[in-house]
Every structure is written in structure tokens, then in C-alpha cells.
Amino acid sequence: MEQLINKLQKSFKLSDVKHQRENLTFVTVKKDSALDLVTHCRDYEGFSHFVLLSCVDWIEDGKFQLTYLLNNPSGKFDLGIRTFISRDNASMTSAHLLWRQIATYQRELKEMYGIDFPGSPRVDESFILEGWDEIPPMRREFDTKKYSEDTYFPREGRGSNDPATYMKSKLYPDDEK
Amino acid sequence: MTNETNNIVEDKLELEDKFLAPENRKRQVTTPDGTIIEVDPLRDYFSDARPQIYRPNSIPVIENFLNWARAESLWVLGFGTGCGSIELPPLTTPRFDAYRFGVQMRATPRQSNVFIISGYLSVKTLKRVVRSYEQMPNPKYVIALGSCTINGGMYYDSYNTINRLDQYMPVDVYIAGCMPRPEALLAGFNKLKELIKAGKAEKANEYVENFDWYKANQKKIIKDWNMPDYNW
Amino acid sequence: MMKNSIFNISPDRSKYPEKDAEGNLMVDLDSQKYVKLWQGPQHPGVTGNMSLELTISGDEIIQAKTHVGYLHRGFEKLMERRKYIQCFPTCIRMCVAEPDYNEYNLAAGIEELSGIEVPEMAQWLRTLVLEMARLQSLLRVVPGQGGTFALGLGVQWGVYLRDLILDLFEELTGGRVYHMYILPGGVRGLLPDGFKKRMEETLKKIDEFVVNIDNLMFSNAVFKQRAKDVGIIQPEWIDQFGIVGPNARSAGFMRDVRKDYPYLVYDQLDFEPMTMNYSDIYNRARLRWHDLIMTVDLIRQIMAKIPETGDIKAPTPNVLHWKIPRNETYIRSESSRGEYGFYMVSDGTDKPRRINLRGPSYVHAISLLEHMLINANIADTAAIMVSLQTCPPEIER
Amino acid sequence: MDFDLTKLLFTLLGLLIVLNWGILMSGIIRKIGARVAKRYGIPVYQGWIDLIKNYAIRSQITHGIMFYLGPVFRLSGGVGLFLFMPMIFGSEHWSNYSFQGDLILLMYFQFFGMLGMALGAGEGGHPNSAIGISRGLSQFTTIEVPMTLAVIAIAIQYHTLSIADIVAAQQGSILNWTVFTNPFATVAAMLSVLGAFGHSPFNLVKAPNEIPIGPPTEYHGTFLGVLRTNAAILHVIEAVLFMNLFFGGASNWFELFLKSFLIYFWSVFVGMVFPRFRIEQSVRWFLKIPTLLGIIAIILA
């Protein structure tokens, strides 16, 4: 794994390398070289299995983190490639030509986070939601509880304990904090 | 249907055109013999009449007898709407065997009498549930399974699941729990039978009586309403 | 199917329907050559609450689209506003057919992010629970393949035995479908008295069932005719589509997390997942049948090797103020459908920043199924779907 | 023909008996099926309750005039079959309106209900109905081939087209039954009866998990009640037809019940352990072995 990272380091600018486990490493690259790295890993380093494409919303930094997680089935290790894109007018190059399932991930991210992937097939069709006209729900600023209370007629008299106080009284009655 | 309501429908269609699938849009079609006709699927395929109230038979003896038959022959619509549907296979298999009580599964809403809402309903499913429910013939009964149909349950704060089923369709029997055991569902069937035999399960008529209220609630959350108001 | 050429009148589909310059089909529904047929969400052949939009010409499917989202509850959003310990009841509901993999993945992720070692006894118990979950799921799925061809008898037997396994679950964990047995740091309890004996009784019944289902399904001439040479997965698709688990193994690729990335105590158990060289519906069903036998054997091994007693829970911080520093990880385990993974990101607070589930159906039910259904017969739709073992809730979460 | 009130009343009574026996028979069969699956099963009287329930449904939706007529055609197909079928051998009252050459008419009536149903279900507009109908008609056409061959073989053997005469020729000893005198025709017909009853492996007309319910998808309430009434009659009549042709007929009601039950049970027994064919496989199957047997039967006759 170390060797591979060193090798990749020569041609790509990797930063923030983190060896999470002996078979899982995360690296960060710039937005424009991310897909080059993914393609390189697929074609030359044996990462033939694409595990997932995920997004993390770092609202305090104003960034989305996209994670491309690749797996090398023969070497039995994973490489997570992180890249950060801006939250405003979020957009990323589409990778749907690399693996067939990426189009589905990109469709989901478009719907859930509002990240655009120009050229990805059916990316503008609704995937999970239907007739959604709010901001994309997985963004951090979307308050699901408030939306639910405003929209779905909460039943009056539903008693809900605040879990924190309830658990505190049950589990840690002596806890001071 | 009066002209006035037709206009309202028309305005709404234009607003919601972006939600319409291409095959549901208005378009020109060439028939096999060469003439060109205009097709508006939303208007053509469905009747837009309002539902009717069907009163019970006025002779009590006959009505009691018919209610007995209805109660002993519950045909359940096989529509697993939520995670509760995992408990439906055990119901029809040796361990619990709901067939003993005259409960049978049907695949089409036209032939079913009981709709088991098996758990939470997302907005997208609710739209299909409303359609299926309205296609069922009168008298029809709804069993709501699980806490999430009562007050949202686990998903009280979710942006995509409804909190109370009774705002959108009348419910005959609630079964609490997450998830309710098959025995609870059997008990629910028995409760429903009691209600039917006592003549108290006339919720289908209640739905018609409060039709506008139910529709307003449904339309409030189903934003892409691209179907007729009442689905025959 | 190709043997009887007299009756083989299926038309040449290379030119018809026409394709445009980009290779997309040009389907004009108004031409009356095609019919749009929806299967689901209310359809007995569809696995769970999802729907297929099929464009058919005759009995043949020329275009298929999967529609999901009927079960979307926004788990990933909900977990972002719950404390780590509160995520457990939420996350197990992500896949109702086998919820235990969710709790294991979440617990293992939390343990890895905060550096907790799990005692050995707890590891054995976790392995036991995961294998029982696989067993109850396979008891539904293996005969379910016959069910798609109207062979309902096996389903009746299988679901009955599944109920017996759920009884054992109830005894061990207190819950029938949802267990919440695995907690960060360990598990909730030891084996009850006499559990091993009752488990053995149930396993004996399953042994009988395995033989019966072999006679009923795999030796059945009609089943063979229906299932052989239908719904083929080509080996080169495995990487193109990201196919995992039994579906990949049936095409000759050894993909089993338990062997590739041993977790819990799987390295102490003796098992060899089966691979096959030709992936049609029959072979996939056969492979799952072998998996069923292997799972029964694994449970027997676990029952023989499990320590009598021991520490079942490592000390954990106060769950109310359990803060995990900023970090990320990917945890995987082998569910009965294949690799089941959690991508977890923590941000230093007491709530997760992001938990993303990667279920096998995400690939199998959308990009792969849409591809496999083209040129299939509508009669085989349900069978192909079940043979991929799709589970909608893990797609949309 | 002179009007004969007694005969009419007996015919109606016979229809009633046949209807109730049909409902009871399917109840018993379902009970047996449940026991094979280790279930307790539905009550045997469930069929009657379902029927009452279906007639008690309050709201009916129609899709047009043929939608109404579909079940009516189907029912008249079933009742028509009954009217020309001699039920009890040697009985003046229970031979209904059978006459010389009724075998030809019965073969026609089997198709009649199917065609009427096709028109009605087609108007329902549901794609599943249309697919089910096209499957049903193509399968039924191929069922007719071995069945007709077997019937022709019998007609040649007994030199008659009257069912009553065929039954009469089989009396005396069990060895006089067609099943022993002409085994090839019997086997061909018994294989085609599997398709006629529509249990798996040949239930692709209704095929749950493919095109659930099939033709009657849109039918509900009273329409469905009529269809179910007809199904009960039709099952008994088909079984009685085969009983008359191949198993020596019945000399009393009890014998009829027993023999028709066994013939019906044969198809269910096969269906219990075999999954469903695809339509082209089913067509191919009927055109192979049963047809071949039918041809052999004709050559031997």
C-alpha cells in the first residue's frame, strides 16, 4: 500500500494521505485531477471494482467532499480518493464512462445534494424523490424535522422524550454534565 | 363535470408539466389509417366523476347476512408498502396461516377488500396507495400496520414519510408496534371482522363524505398531482 | 431455447427498434408497435416496493427502467441528527430482510473510529447472529426462486423454517425481526440455557428441507427448462457493473468478504464459498442452495467452538457524550446478497457527519437489471429480479 | 322438440348440484393443497362465502358493453356445455339435452366461453388482460389439437359421435373403459386436460408474478362472481366429459362425484410439484408428446 501511494505520488499531487487500516487508504487530490487518478488506478493499478461514490457536506468550509472508493480485488485493498468541490454551483465531471453504475450514484447525488454532473445519462430525471421542490434534502442546511412538522400533520399528544435527558436519567443518573 | 372545474384542471396541468412523463403529455398522434388526432392521456384515460355513496341495504337481516359474508371473506391487496410487508409471507404460511380465517391475497385492487398499509408511507408511495385505494370497490377496509402509520413512529422527523395515515384515508384498524408480530395482525383481522359484522366498517362512505378534505390533504403533500381527482 | 428452430420465431432485434446516432432506442409509443407495461409497485412478482417500467414488443422487453424511491425514509439524513447510540434503532431498518448486517457495520465502524477492541466472546456471538441472519434470509430466497415460476410449495416450507429461526432470534435477542443485539463494544447478552440444543433441532429440520428442495426444484424438469440459459451474467460485466457476492461468484469470480477481508472470527472457521463458471438463473439458485448448506455448517461449527462464557462488552464512554474525532472509514461485511458496506465520516461531535450505505442491490437492481432485462421475455422478469436477490430498501434508504 | 317441464326442472336441479359440487370440490382441493404445504388451510365452505361476498360488492365499474358481456359469454359457455352433457348414464332425467353428435357441439362450446371472455377482458383495457388473453387463446388452440385427435380416435373406435352411446359402449366391465381399450387416446387427452384446467405448469393465463390475475384483472364484484360461478360449473363439466369419454361414465351421482374429483385432482396433483411453463414452451409441449400420442391413437384406430 505504501509503495502504491509513493508511486502515485510521483504523477499525482496527493495530499492528506491517511492509512486508515492496512487495507484501506484515503488520499485527497485536486478536483481536476481526481478523475485522472481514478482512471489511472482502474487501468494500471488493478482497481477494477468500483465500490461507491459518496458525498459529505462540510457546510462550515463551504465545500462538498466527493469520495470515490475503489477496490483492488486481487490485491485486496481499497483506495478512497477524496476531492473537494465548492458548495455554490456544485458541479463535477461525470465519470459514467468508467463504470456503468456510476451514473446511478451521480443521479442520486444530483438529487440529494444538487451536485451537477453534466453529460451523465438520465441525471436530471428524479431518482428517489418525486415532485420535490425544496432545496436538496441531504444538504446540511435543510432541516428535516421542521419540514416534517410543517408538512405532515404531527399527531397531537405524541409524547416524545428528549432522548438525551431520558437516557441520562435511566443510564447515568449521577452524570453531572 | 362542469366547465369551470375543467379550467382549473387545465391551469394546473400547465403548472405541473415538468413532472409529467412524455407519454402523459398532450400530443398529436397519427392513427393507423392516417388521420391525425390529438391525445390528452390525462383527460382521455380516466373518468373525472366524483365518487358516490353506497348506502347499506335497508333491510337489516339482509345487510347482516351480507356483512357476515364480507367479514368471513377478506381479500387482501398484495401491496407491500413498507417494511411490515416482511411479515405478510409468514401470515400465509404454515406457522400463522391466515387462510384459516378466510383471509386471502389478491393481486389487483379491483378484487380486494382490505388494504394493509404495512408501515410508513413515503410520499411517492402514498400517491400509489391513494390510487389503489380508490380503485377498490365499496365496501373496503384499511388496516394500518405499525407505529409509523399512527404518528410517524421512528420516522417522525423524516422529510419523506407521512406522520398520520388518517389524514389521507380513513383507517378501520390500527395495529401498533414496530414491527407488529403476525399474531397482532391476526388479532387485527379479528377486530376488523367484529367491526364489519357490527356494521361499523363503513369508512368507504366516510371517505366520500369528506372527499374534499381528504383530497386537500393529499394534494398538499403530493406536489406532482398528475392524475384525476378520483381514480375509478 | 435455440434447439427447436421451427418454433423459434423471435425477430431479429439488431435493426428493429431503430436506434439514433447515440445508440439510444427510438421508441414511438404512438406507432402501436410497443406497449408500456408497468410492473410494480403493486405487483406480486416484484421484490418489495419498487417498479419496473417495461417497453415491450410482443412478449419481448426492449427497454427497461427501474424506479425506486417508494421506500425512501431519508435514513442518512436522520442519522446525521441522532447521537451514535441512537443510530442503531434507525439503521437496522434500512434493510428489513436481514437487519443484522446494518448493526454490525455501524458498531464496527464506531469501534474502528474510536479504537475499541471487542472481546472474543462478543465476536463469536456476533458471528453467530450474522450467520443466523444469512440463514433466515436464504430460507426465503432459495425457494423464492421457485416461487417466481409458481412453485409455491417450497416457499411454504422455507418460510415456516424461517419462522423457527426467528424464534431462536427472539430467544437470543428479544426481537423477532429487528434485534439491536450488537452494540458498540460488544453484544447485549450471552446464549440462553439450552440454546445449542434447540438450534441443533432446527438445523436438523433445515437439513431435511435442503434435500426436499433439491428434489422439488433442482431435479424438476420444468424448473430446469425455465431457469437454464435465462438471465445470463457475462463474466466481463462483473467489474463493469460492480457485481458482488453470489451473483459474482456464479460467474466465476471469488468475491466473498468473509474470505477476502476476514472479520470477526471467520478466519477460525472452515468454509469454502462456491464459485461457478456460468451464471444463469438455475446456477445462481443452485449457488444459493449451496450457500444455505454452508451456512448451516458454519452455524454448527460456531456452536461447537463458541466459548461457554466470557466478557461480552468492552467498556465504552458515556454514550451521551461520546464524541468521535474527525475521521472516515469504510466497513464491509458479507450479507447473503454480497458485500454490504458502510462509509462513515465522523466530525468530532457526538453525531455522525455522514453514513452512506453501499448495498449490493444498488448495482444489481438498477444498472444491471435494466441491462439484463433487454430482450428478455416478460414471463422471466420476476425470475431474473429474484435471482439477483434485489432488496429495494437498501437502494433508496 | 316438445316442451317438457319435468326435463327442464331436472336440468336446472342438475345445474344446481353441479355448481355446488364444483365449489365444494375446489374447496377440498385447496384444503389438500394446504395440507401438502403443512398448513391448516381454508375452510371447505370458503367458496360459497367468497361467492356471496362477490355478489354483495356494492360498487361496480364498467368499461363498456363488451365488458358486461364477457362474463355472460363465459357463463353461457359453461352452462351450454352442461346442457348438452349426459350426466348420469341410463337416466332419463339426468341426461340433459344430449343428442346424437353432441360431441362436436361440446368441442365448440369449450372455445365459446374463452372467446367471449377475450372480447370482454380486452375492453377492460388493462395490459395484463390483453397479454393473458393472447396467451390463453394460443395455449387453448394447442390444447385442442391432442384433445381433438383423441376424440376422433374414440369416434372411429365406437363409430358414433354421441356421448351417451360412447358411455353405453363402455358398460359391463371395467376393462371395457376406453382407458383400457384405447390407452393412447386416453393418455393424450389426459395430458391435454392438464392445460384445460389451467393449473400449473399450464397456468400462464393467470400467472401471478408475471401478469397477475390475467384476463379477469379488471373484473370485480358481480362480474367476478359470475366468472367464479362459471369456473365451478366448468371444472365439473370438463371432468364429467373426460369421465364419460374415457372412464366409463357414471351410473349414479356418487360415482360422478368420485370420478370427476379424481380427474380434477390429477391436474392439481401435477400442478403442485411443477412450476409454470412459458407460453412458447407450453405450446411446444402440447404439440409434441400429446399430439404424437393422439396421432398414434388414430392410426391404431
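Chains: A, B, C and D, in written order; residue numbering restarts at 1 for each.
Keep this in mind: a contact is a pair of C-beta atoms (placed from the backbone, for glycine too) under 8 Å apart; a residue touches a chain by one contact, two chains touch by 3 or more.
From a predicted model like this one, the values you see are computed outputs, not experimental measurements.
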Exercise. Where are there more C-beta contacts: B-D or A-C?
Worked result: A-C
For this session: Round to the nearest whole Å and give the separation of the Cα centres of chain A and chain B.
Result: 37
Exercise. So how far apart, in whole Å, are chain A and chain D when each is placed at the average of its C-alpha atoms?
Worked result: 61
Problem set entry | Averaged-CA centre spacing for the pair chain C and chain A, given as whole angstrom | 23
Exercise. Among the residues of chain B, which are close enough to touch at least two other chains?
Worked result: 93-94, 107, 124, 157-161
For this session: Please set out, as single numbers or ranges, the residues of chain D touching at least two other chains.
Result: 37-39, 208, 212
For this session: Hunt down the residues of chain C that sit against at least two other chains at once, touch-wise.
Result: 43-44, 69, 72, 74, 77-78, 81, 156, 160
Problem set entry | Category of the chain touch graph - line, ring, star, complete, other | other
Exercise. Which bits of chain C are touching chain D when the two form their complex?
Worked result: 4, 7, 35, 37, 43-45, 59, 146-153, 156-157, 160, 216, 220, 222-223, 225-226, 377-382
For this session: Please name which positions on chain C make contact with chain A in the complex.
Result: 68-69, 72, 74, 76-78, 80-81, 83, 85-86, 112, 239-242, 244, 253, 255, 260-261, 318-321, 327-330, 339, 341, 343, 345, 353-354, 356, 358, 362-363, 366-368, 371, 396
Exercise. So in the complex, which bits of chain D are touching chain B?
Worked result: 34, 37-43, 46, 49-50, 52-53, 56-61, 208, 212-213, 216-221, 224
Exercise. Where on chain C does chain B make contact in their complex?
Worked result: 29-30, 32, 36, 41-44, 48-49, 69-74, 77-78, 81, 89-90, 93, 96-97, 140, 155-156, 159-160, 162-163, 176-178, 393
Seminar exercise, completed: Listed in rising order, chain A residues that touch chain C in their complex are 20-21, 23-24, 26, 48-52, 54-57, 65, 67, 69, 73, 76, 78, 80, 99-101, 103-104, 126-130, 137-138, 140, 142, 144-145, 163-164, 167-168, 171-172, 175, 177
